[in-house]
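Chain nomenclature is as follows: A, B, C, D, E and F, assigned in order of appearance, with residue numbering initiated at 1 for each chain independently.
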């Protein structure tokens, strides 16, 4: 799976929070940047962000003079940040859930920025749709579980551990697609081998 | 004041609502379009719109296969449209109020599209902030009203009509800046000429 | 399909943005109007709107004196406007998407106003539900496509054009009902005539 | 202060949640009702409500056949209810905070319904704005406190209790108007009589 | 069904709206309260509420000095109140619809408070899920209706009344689960006894 | 300033996304946890979170059987995460902006969890309000700048650098309090030493 580090733009401009919006606009126009990061003053400080949308909504919409408005008055701070390891589909979900158009990628320090356009342009979602890949991974895991359980026994530790992997994968797919699972692969397995049974505080088991 | 017609992008791509999202993405990549307009089928039909944000939020976030999802499933329709005559600051306010990133410009037919970036790039808000221009217009109108009232009389029809213009301008500035007016220019005038008085159902008058 | 022009109320009251809310209330009570339109000052200006809801939420809820509050302080401007040609179901969708209770109908100038009650009272949705009408139109289009393709050939220009109409209609119904199409009418046709095939950059084709 | 009981409409129509939307529309049209109450089935049940807005947003916007949709599919249940004793300005604030257009008035059983129009038509907010009345009440309470403290002593029980009333009134006004109090009337009093002092866990005192 | 009275916490702390936030925090810490109720000043007054969330969002997030901020500046008033008779599932729905974390239980006077944790801890939703109970109640009602109709006749008053109960129960279940009913139990009955028919303004009937 | 690491709760429970909600509830009740973290399956995976609110809103409100609903169906994933270095006031702002009640503290791996109650209980905001501390820091920085500029000269590099620090601090305070700065400390300094002047593309300077 592609990650934030794979699709982010590394060329990020930063600006001081005490700069004027007119300065921010000049900086944006200089390089066709749509977003500037407001740097931290110290390690406990938060990153801020200022975008085209902030300037339109908070300066132009009120007819304000951008040379009289400072960046700190219109920036979003703290902003939601993305971990460089995070997979593209989770970034998309995060953007959707919080109505983001961009977010900085941070690990200790500022590494880059991700925008909606980066996700569209670089995420290979047309060529390799996520759920198709996951579905293949799931089929592999189910086959492997059945093999393990056949080699050992339906109530062996190894068999149980293999089905745990299947369960988690199936949950990931169901969460990704916002669907319910009617019958899990393990439940189907249980119907074939009703004697397979496991205990434990929070564990699942065949109810046969 | 610049209008929608002045800042819109005339090169707009349209797509059928029955096309797949994969087709929409190919079309977007071909010309670096971030938005496609979904055309009307007949005059009573509404325009639709599909943006990078729709594709990220409704396809990638769920790991869906874009060649299996159709445009009509993720488009926004009807979309909010902009009149070509509308002034830039009102477009900015409309975008702010409804969290828009883009909108088609329509008059009878599709004329163009306006995005946040068009507003930033072409609206001259740095060089000519709207409230400064309005403030000058207001000062001119006040001076003219005082002249008219001096030439005629403080309770003449012409004097009243001139102050009406001032009142409306002052309201426009106050609404633009989301401020209250403590004392209108007319009220100040009233204090100098308390005899100026007007009637009428919904009219204002000097309460002196 | 009924349009905005068919169901709007033509008797609309306008008010100046510099008028007081007390004046607006008097005007509303005079004719049982629930909404007033705030007129434009010039062609680049936007229409505004003031409703019972604005007065309750922004004046009464704060115990303010309505003779001290001006219309521009509580109006919504710019407001979302409706084109006179727009079909009733799209108006309903627009009202739903943007939580509207009313909207002015504009074409160049103010033509009327549409409220939730107008939609209920005049839209014939009980007698003639939209999706039933669309479904009939779809069946007609499918029959016509099959006839055209039989007369010409499954891979003729005319056959393809006829199926395009079906596709668009089916998308409109699916979007209206917020449903997915499992198999399009054209795909069903393809299964009968797998040789029907078309090319083109963004075109659909039988994948048989 | 006028209360919910004073301004509510007592003529309320109820409907079963299993009725069709077509039945609800017929009932609404019969008497020009804009809202119907969905009655409770038993005392632990909640009241529901169905309005013009629900029908437009959830039936017409999707082109659905209202004779196929049931009231329970589109009603709001439980709905926010109003106590008959609640003052008009608090009702207005409740409507504003939760974007209500109407609410049933309940005390044990359904007493009536209040709409935005009832608040506009019957609340006397033009003639008797709430904050003006509260301001008079405040001035009376301050005068009375000063009298009590003069008669007894600035650090008497009675004096403290009188200033408590002032404090609460001043808070009510400040909350109503969404304003801050820079210096309370009691703090002004303290500056005159710095020896006035009170203790207690959560009590206020002159910090002189 | 458990009600608000069954699961509420009766030990509720109240505070004056003129108290400082620092006082509110001291009171909360004293007893591990997460919510304080702001009492009414008179019967037309509304209840207010102040929670941990208000203090974090409106005081700490702005770095304000809590000994300078008063409760009335950050409280929610009027707050949504719960009737002591209301069933737990409706309370949960109310909390969900209005994003509540707590609400006072009121009947004439303040009886207690309900929080998310009270609902989790005391509502027996794990042992006795509501829809399972309702489903049993429905089966009983259907059986009873069939018995009544068999004893009397399919078009008797008693039969119709019995099916009314079934209809309402089925609607309650469908609303609870946010599902549609494809075919009601009465409609199934109608197919067996097509002659059962009823009239009346808003009544349902077998369409056979 | 206290940081996330200082106020977080380190005792965090995790749960598999394929567990049932009934299991989650048992785990929560075991230790009075209000929140569980849903662990990652691999490094590109996102953390999830499940709270009392999710269970009330998505299970109890619909009367669902918690032993039939899985954690992945109701969890929030990805969730907004907090960096262990982040200052308490920024955490509060983040919670406010995104309506959070809790968030995991992550750096590479899961370190702890922060809730509204942690912020209230451990952030020392009553004893040491943030803006008072910042105000002292600002006064120190201004004094130091004036000293540096006196020792060197008003247009020295060192003087400019010192005022940069002041500017940023003043912006931080203004952003924290959501206020505007009418005249910056540097602008006041400029009025005393109008000759102090600096150039540079994005730099500020005395405009005297």
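As a convention for this text, a residue touches a chain if its C-beta (ideal position, glycine included) is under 8 Å from a C-beta of that chain, and two chains touch if they have at least 3 such contacts.
Just so we're clear, the structure is a prediction, and the values are computed from it rather than from any experiment.
Within the contact network of the assembly, the step distance from chain A to chain D comes to 3.
Look at the CA centroids: the one farthest from the centroid of chain E belongs to B. Counting every residue number used by either copy at the chain C-chain D contact, over half are found in both chains. Averaged C-alpha coordinates give centres for chain C and chain E that are 35 Å from one another.
Averaging Cα coordinates per chain places chain B and chain E 43 Å apart. For the pair chain D and chain E, the distance between mean C-alpha positions equals 20 Å. Among the residues of chain B, those touching two or more other chains are numbered 26, 93.
A ring topology is adopted by the chain contact network, closed into one cycle in which each chain touches exactly two others. All chains form one closed ring of contacts, and listing them from chain D in the direction of chain E gives D, E, F, A, B, C.
Across the complex, chain E meets chain D through its residues 1, 3, 15-20, 23, 26-27, 41, 43-46, 70-73, 75-78, 80-81, 83, 85-87, 90, 93-94, 97-98, 106, 164, 167-172, 174-175, 180-181, 184, 201-202, 204. Listing the residues of chain C that touch chain D in their complex gives 22, 25-26, 28-29, 34, 52-53, 55-67, 88-89, 92-93, 95-96, 99, 101, 116-117, 119-121, 123, 125-126, 129-132, 134, 176-178.
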